[in-house]
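Below are two complexes that have subunit A in common, paired first with subunit B and then with subunit C.
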Partner chain A sequence: MTVNSSLHSDSNQLIISIDERFDFSLHQQFRDCYSQVQQKGLEYILDLSKTKYMDSSALGMILLLKDHVEMYASTLTIQNPSDTVSKILEIAQFHRLMTIK
Partner chain B sequence: MSINRYMFGLFFTLTILIIVNQLVIESSAMFFVVVTLLLFCLGYYFLILEKSSISNSSPAKEQYIPDVDNELIHNVVFELQQFLQQEIKVIEAELNRTKLLIEEAVFGMSDSFKEMQSLTDEQQSMILQLIDNSHSFAGGEGTLEDFVKDSDKTLDDFVNVIVNTSKQSLETMNYTDEMVTQFDGIFNILSQVESLASQTNLLALNAAIEAARAGDAGRGFAVVANEVRSLSVDSTELNQEIRNEINQAKETIANLRQSVEIMASADMTSTLEAKNKMSVMMKHVDKLNQYTNSSVDKLSNLSPKLTDAVATGVRSLQFEDLTRQSLHSLELNVESILSISKVLADFENKPSSDVHQQLISLKDKCQAVYQETHLAESKRSVKQLNMDEGDIDLF
Partner chain C sequence: MSSNQKLALIVDDSKTQCKILTKLLEEEHYSVIEANDGSSGVQKYISHKPDLVLMDINMPIMDGFEAARQIKKLSGTKDLAPLIFITSMDTDQAFIDSVDSGGDGILVRPFSPNVFKAKIKSIQRISNLYQQVKTLQQEQQQDAELAEKMMSEVIESRNFALDRVQVIKKAATIFSGDIQLTALCPNGDIHVLLGDFTGHGLRSSIGAIPVTETFRAMTKKGFSLFEIVIQLNKQLNHLLPADLFFAASFVCISHHEKSAYIFNAGLPDGYLYNDKGQIRKRFESSHPPLGILRELLPDAKVEVIDIDLSDSVVFISDGIIEARNEQGELFGVERFENAATEGITGNNLVSTVNERLEVFCLGVPQEDDISLVAIPCHGWIKDIVNTKPVIPESLNEQDFNRQSTPAWSWHLHLTGKLLKTVNPIPMIMNQINDIEGAGEHWHNLYTILTELFINSLDHGVLGLSSSLKKSPEGFSQYFNERTNRLDKLDSGYVLISLKYFPFSEGGKMVVNIKDSGKGFNILKVMKSNTEQLATSHALSGRGIELVNQLCDTLEYIEEGTSVTASYVWHNKS
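Presenting the complex of A and B:
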C-alpha cells in the first residue's frame, strides 16, 4: 500500500501518509481515504515525511482534499515535507492555503 | 686731535697750579716741581707733534702723483661701466625670455585645464546616461528588476494554472469513475432484460406446443406464439448490441482516463529549476543594483573632487601674475643699475675735471638712486606675495 490512513477518534485526527512517490496513480486510493469521512471538526494530517517525488497531480489531490476539509469545517496540516517537496509546495504557494510544518 | 686737548688741559691745570701756588701757598719746592712737570709735558708734546707730522707726511706725498691715479680711476670706472652695460644686456634678455616662456606655459596650461574641465563634464554626463540605461531597457519601459519580478509572477501564475488543471482533471476523473460505476449498473439491468427475453422465448415455445395440440382451432394462436418467440430473439440481439456499444464506451473511457492522467500529471522538476534560476537571477539583479548605486555614489563624489582639482590648478596659474610683478621689479632694479652706469659714463666723458669733485657727485647720484630703489622695494613688499589668498581668476 502506498497510501495509509488511520482515524483516531479520541484525538479527532485523520492521518494520511504517503510513500516515496506521490503521483496520479494514487488518486483513487487517496480519494478513498477521505471521501467517506463526513465527521465535522476533524484535524486532517497529511504526512509527507517519506515522500521524495511529487508531481502536479499530487498538488491537485491536496487541493481536492482541502475542498473536502473545508466542506466539513475541519483543518488540514501537512507534516514533515522533505526539502524538495517543501520547495514544490512553496512554489505552488500552499503555505498560504494550509499549515505546513 | 684728542691728544692736543688733553695736553692743553694739562697745561692749563699746571698753569693754574703755578698761579695758585704763587698767590696762596708760596712754596718754592712746589713751584719748582710744577714748573718741571710743565716743562716735561711741553717737551713730550713737541715730541708727539713731531711724530704726527712725520706720519702725515706719507699721504701728503701720494698727492704728488694725482695724474697717474686719475687715469687709473678713469680706466676702472670705464671698465666698470662696460661690465655693467654687458651684464644689464644679458639680464634684460633673460628677463624677456623668462616672461615669454612663462606666458606660453601659462596659456598652454590654462587651455589644458579648460579642456580637462569640459572632458570631465562630458564624462560625467556619459556616466549618468550609462546608469540610466543600465536601469531601464532600450524603450525605457521598466527596469531589469521589474522584468525579473514580472517573470517570477508569470512563473507563479503558470504554477497556479498547472495545479488548477490537475485539480480539475482529478475531478473529471472522479466523475468518470462514477460514470463507469453507472455503466456497471446498466450492465446489471441488461442481464435482467436478457433473462426476461429468454423466459419470453420459453413461454412462446410452450404456447406453440399447446397450439399444435389444439389442432386447427389453435392454428391462429400458433402464429402469434411464433411471432412472440421471434420478438424475444430480436430483443436478445438488441441487448447484445447495447452491451457491445457500452463496452466500446468503456474503452473510450479508458482512453479518456489516460489523457486526463497525462493532463493532470505535470512534472514539477523543471518548474522547480526555473524557480531556482529566477531567485538566483533576482539576487544577481539585487547585487547589480547595489553595485550600480554604490558606483553612482562614488562617481558623484569623484566629480566635485575633479572640479576642485581643476579649480586649484587654475588658481595656481595666478603665479604668472606674481611672477610678472617680480620680473617687473627686477626690471626696475636693472634700470637703477643702468642709471648708475650712465653716471659712470658721464664720469668718463669729463676726464679733465676734478676727480674728487666727480667722485663726490658720483656718490651723491648713487645715494639718490639707492634711495629711489629702496622706496620702490618697500612699496613692492606690501603687495600680495601669496597665491592662495587670491580669488579664482579664470583666464
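Presenting the complex of A and C:
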C-alpha cells in the first residue's frame, strides 16, 4: 500500500501516511482514506515523513482533503515533511493555509 | 454479406480442419479465408487484414509460432486482430510458446463446436474492448493536438515583443500546463506572466484562455499589475475545481521609473540578473498559488525593486529544477543558476540552459513542463520626443470658438480610503471608449491622465516629496512610503473632470484634476525639471515633462492644487 490510514478513536486522530511518491496516481487511494469519514472534530494528520517526491497534483489533493476537513469542523496538520517536500510546500506557501510541523 | 461482417483467417495445412473451422465460423457470421502454411498465412494477413486469426502450430515451410511472431510484429500495437492457436499438442511447453510468440489464446483439440464458439466470442469481446480504448485514445490525442495548436497559435503568438523576451517551453505531454504571456501597457511598460497550472495535459489548461483574456484586456486598459493579480485570483477561484490552481510569477517592468514590480505566487525563485550574469536579487514565492483562496491574503503585495537598464528578469517553472537524470538526481537550483550565469554572459541564455538540461537528463523522459522567460529591463519606453501633436491647419477658429459647450463632461470625486482601493484611470478610459469608440489617440490621453492623477495623489493628497526618488534606491523607498501613507489615509480627495469638444476632424479633451493637498511652487518645480532633463537622466519630474509635451496646454493654478490639461488631436483620414 502506498497510502495508509488509521483512525485512532481514543485520541480522535486520523493519520494518513504516504509512501515515497505522492503524485496523481494516488488520487483515488488518497480520497478513499477520508471521504467516508464524517465524524466531526477530528484531528487529521498527514504524515509525509517517508515522502521524497511530491508533484503539484499532490498539492491539489491536499487542498481537497483540507476542504473535507473544514466541512466536518476538524483540523489538518502536515507532519514531518522531508527537506524536498518542505521546499515544495514552502514555494506553494502552504503554511499560510494549514499547519505544517 | 453485410459490409461490417468480420473476416477470419484460418492457417492450417489440413484441408479437413480448415473446412470444419470455416463451417463453425460461418455459423458465427464470419467470412473466412484460408492459408495452408505459415508463410502464406502471413501473406494473406497482410493482404486481407482479417479481424481474427486461427493458427495451427505444426505446418510446412513456416510453423505457427513463427507466423504468429511475424503477424504480431506487423500489426504492432496499431490493431489487435486476436490470434488463437488451434492444436493437438496438449503440453505446458506448447502453452508457453504460444503465449511467447504473441498468441492471445490456445484451444486444444478435441473440442466441441460450442466450446469453440464460446472461445471465439470471448476473444472477440476483448478485441472489441481494445478497439474501443484505441478509438478513445485517438480522440483524446486529437483533442490534445487541437488544444496545443490553439495555445501556441492563438494565445502565445499574440504575445507582445516576442523578439525581445526569451523563452524556453517544453511540454511534458503534448499540451502544456505552463503559459507565458507578455502584454504592453498603455504607458509603454511591459507586463509578463509565467504560470503553471496543476498537473499536465488538457485538464491542467482549462484556465489558460480566461487567464490570457483577463491579463491582456486589463493590461491594455491600464490596470496595475496587482489589480490584475487580484482579478485573476478571483476568477480562477471561481472557475477551477478545488484541486486545480495556478502558480504564477508576474512582473511589470518600467523603463522610465527604472523599477520593476514583482509578484510570485507559488513558483520557484525568480531572478534579477545583471549583464555579467550575477544574481542581483531573488524573488521568493510570497503567496499561495492563485485560485485557491477566494481573496488574496491580506498582507499580499507586490515587491518593488530598482533596476539597472542592463539587468534582466528571469522566471522559471518547477519543471527545470525538478528535471531528473537516470540516477534520479534533480537538476536543482544550483545547476540552473550556473547555467543561467553562463548563458547571460555569453548572450545565449536559452540555448545554454537547454543544453545543460539535455546533457544532465540524457534522454530520461521529462516528468513536468519546463519553461523559462527572460525579460530585458531596457527598451520598454515610448519615444516622447516629437510626439506633441501639431495643431492641424484644418482646425479653424470656429472649432475653437465652439469650446464653450462641451459635447459631454464627466466628473469623479474620490475621497479618503477609496483613493487606496479605486484606480480611476481604467474607469475613465472605459467611459471614453464607450462614448467615443476606441482609437490610437487615447493612448496619449491615458498617459496624461495617469501622470496627473498620480501627481495629485502622491504629491498633493499624500504629501510625498519627489526628491525621495532621486537616489538610485529611491524608487522602492518612495513606493514603500507611499504604501504606508495610503494605508493610513482617511481624508482628502481628488476631483477629476473631463470635458470633451468634438472638432470636424478631431477633438479636444480638457482634463482638470484638483486635489486636497497643500500645493507646491509651480514655477520652481517646472524650471528645475527642465534643467535636470536637459543635463541628466532625472528620475523624477519626467512625468510632468512628458505630459507637457503631449498636451496642447498645461496649466497649474491655485498654488498647484489644480491642474488643467488640454489635449488636442487630429483624426488621420
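Basically, the second predicted complex is superposed on the first by the 101 of 101 C-alpha atoms of A that agree within 3 Å, B and C clash if a C-alpha of one lies under 4 Å from a C-alpha of the other, contacts with A are read in each partner's own complex, and residues count from 1 in each chain.
Heads up, the rule we're going with is that a residue touches a chain if its C-beta (ideal position, glycine included) is under 8 Å from a C-beta of that chain, and two chains touch if they have at least 3 such contacts.
Keep in mind it's a predicted model, so treat the numbers as computed, not measured.
In the superposed model, A:R96 makes contact with subunit C only, not with subunit B.
In the superposed model, A:L59 lies in contact with both subunit B and subunit C. After overlaying the two complexes on the shared chain, residue contacts for A:R31 are found with subunit B alone; subunit C is out of touch. Overlaid on A, the two complexes show subunit B and subunit C touching the same residues of subunit A, namely 24, 55-57, 59-61, 63-64, 88, 91-93.
Remark: subunit A residues 23-24, 27-28, 31, 54-57, 59-61, 63-64, 84, 87-88, 91-93 touch subunit B in the complex. The part of subunit A that touches subunit C in the complex is made up of residues 24, 55-57, 59-61, 63-64, 67, 88, 90-94, 96-97. Those residues of subunit C that touch subunit A in the complex are listed here as 196, 198-199, 242-245, 247, 265-268, 285-289, 292-293, 297, 318, 367-368. Here subunit B touches subunit A in the complex through residues 156, 159-160, 162-171, 173-174, 177, 261, 264-268, 271-272, 275, going by the rule given at the top.
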